[in-house]
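Following are the structures in question.
Next come two complexes built around chain A: one with chain B, the other with chain C.
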Partner chain A sequence: MPNPTYKAIATTTVGAGGTSNIEFTSIPASYTDLVIKLSARSARSATQDFIQININTSASNFSARGIEGNGSTVTSFTDTVFFGAMPGASATASTFGSLEAYIPNYGGSTYKSYLADSVTENNAATAYTELVGGLWSQTSAITSIKLLSATSNNFSQYTTATLYGIVKS
Partner chain B sequence: MAAGATYEPIATTTFAGGTASTTFSSIPATYTDLVMVSFLRAGSTSSSYVIRFNSDSGSNYSNTVLYGDGTSPGSNRYSSQTSAYLTYYGFPTTASTFGTIVTHFQNYSNSTANKSFLSRSQNSNSGTDYLAGLWRSTAAINSITIYAGDTFASGSVVTLYGIKAA
Partner chain C sequence: MAKPTKLVVNCETGEQSVIELTDEEIAQLEADRQAAEAQRAEQEAAEATRAAKRLSAADKLRALGLDEAEVAALLG
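On to the complex of A and B.
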């Protein structure tokens, strides 16, 4: 019988006043893949904000391609450290967006890729859904991951992020 | 803490290079859903990636895809296919660069409904896509065969997980 394989490594819940970033450090090398699940809202004075990723404290050597739908149009874009979207302070109150990201082979010696899909929520005509494929062109094992607002705003209180480790056997 | 025994590896294939297909057989019916995680690089040319269930090569597969290459988004529909796509852009050939495809198969062992799946993928050389698939069969899925248009490069890995409801 296989062993359980989907294990929570760490969870962060943002407290009063918000925080400028969420960081998972000292990620153990004992898993095969990583999954991040994020329930997030930004303090940005807009209906949405965007999330960036840094790996091993680096914001360099990233490339990403994404597709986005906003309820009326679909676009495709390129970026560097883009990770996803979340509601801003002007979105419907008490409403958080959802993001799930899969990071395979994070301890391997090849370049690190990720696949992240996210949605903003808002009781209005426009809300966003995003699918982003990213590449960090470095061969180092991933030991830390930082998430931050692309507009340098805070994650709002009650934002939660959990990092899971997946073991194949 | 740990999510318990709800997410379990069923089988993993690690490719040594030169192989164009592999089969996960004797899939137990004891789970609710399946998830397949593919970490792939192509052997020589940018490669398609398709799937068949229970060795069915009939024209019983269809796909709907939403894709974007960084500039132009689009959508395509493929019907009455002899296999189903798992990604629109395939997977890369660049050294050290692997594509990620995560595929969910819902209610795979029921015997009353056709089987559907949802795949999300990224190919850093080409683009990103959502892809929905259908196998028009009410048979329980007991085997999955995946095919590369070219070959799976050395270091490529595919793992099949079972997910249990409470």
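On to the complex of A and C.
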């Protein structure tokens, strides 16, 4: 089997003052799968914040199942547009969380599934790990992806998001 | 005070734009923020209650004579 090849489609870094959401638009249909890598921090006044995904400007028709660990308890949950976690403004200064997501067959005509794993960073007892399986129950090809804070706070400066395409091989 | 923005990256052209949100989008953002914080507080309270109940249940099981391994087996 040939090795899949990552190609960076676009990358962006949030500037001074932060931004409420990051949108990748006009995603080309020339790949088989998509990967999102996000290094993020939120302006929320808490040790953590949570990330949501919208596809093709829609926040509807999503369903997700997840597992969350926070250093002391583990919980499973159901949600809709939940995508992952990131440190908030009260977490250890200058630290950023990491998220990686895989979206197979994004250009196909079946429903779109995704897997997202993420961690917050915090030099304290509580830090979050999230593993999420999600489904967007729509048959349209994915042409845009929006990432936003679940609590409508800003992504902090230096948050970086990269969208990769997996090259057909 | 500067208006909130969104960062839009056009994957075809590579163009990146920082766009100020409209007043309508800002109002929606604020409403969503309040709703999300309320929901999260509710979830955290429920998790704290569950954790306290778990500790209480463990104490009651010990009082019944179960050893630590048995308590752990029951409560996972």
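The definition used in the following text is that the second predicted complex is superposed on the first by the 164 of 169 C-alpha atoms of A that agree within 3 Å, B and C clash if a C-alpha of one lies under 4 Å from a C-alpha of the other, contacts with A are read in each partner's own complex, and residues count from 1 in each chain.
By definition in this document, a contact is a pair of C-beta atoms (placed from the backbone, for glycine too) under 8 Å apart; a residue touches a chain by one contact, two chains touch by 3 or more.
Everything quoted here is computed from the prediction, not taken from an experiment.
Looking at the shared chain after the overlay, A:Thr75 reaches both chain B and chain C. Touch criterion not met for A:Thr126: it reaches neither chain B nor chain C.
Within the superposed three-chain model, A:Ile22 lies in touch with chain C and out of touch with chain B [touch as defined at top].
Shared-chain residue A:Gly134: touches chain B; no touch with chain C. Put simply, more of the residues of chain A are touched by B, taking chain B and chain C as the two choices.
When both complexes are overlaid on chain A, the residue A:Thr95 reaches neither chain B nor chain C. Contacts of A:Lys168 after superposition on the shared chain: chain B is touched, whereas chain C is not.
In the superposition on chain A, contact of A:Ser60 is made with neither chain B nor chain C.
In the superposed model, A:Tyr6 lies in contact with chain B only, and not with chain C.
In the superposition on chain A, A:Val14 makes contact with chain C only, while chain B stays out of contact range. Comparing the two interfaces of chain A, the one with chain B and the one with chain C have residues 75 in common. Chain C contributes residues 2, 4-14, 16, 18, 21, 29-30, 32-33, 36-37, 40, 47, 50-51 to its touches with chain A in the complex. Residue ranges of chain A in contact with chain C, taken from their complex: 9-10, 12, 14-15, 17, 19-28, 50, 72-73, 75, 150-154, 163. Here chain A touches chain B in the complex through residues 2-8, 32-33, 63, 65-68, 74-78, 102, 104-105, 108-111, 113-115, 117, 131-135, 137, 139, 164, 166-169, going by the rule given at the top. Listed in rising order, the residues of chain B touching chain A in the complex are 1-10, 12, 37, 39, 66-73, 75, 96-100, 102, 120-124, 126-130, 155, 157, 159, 161.
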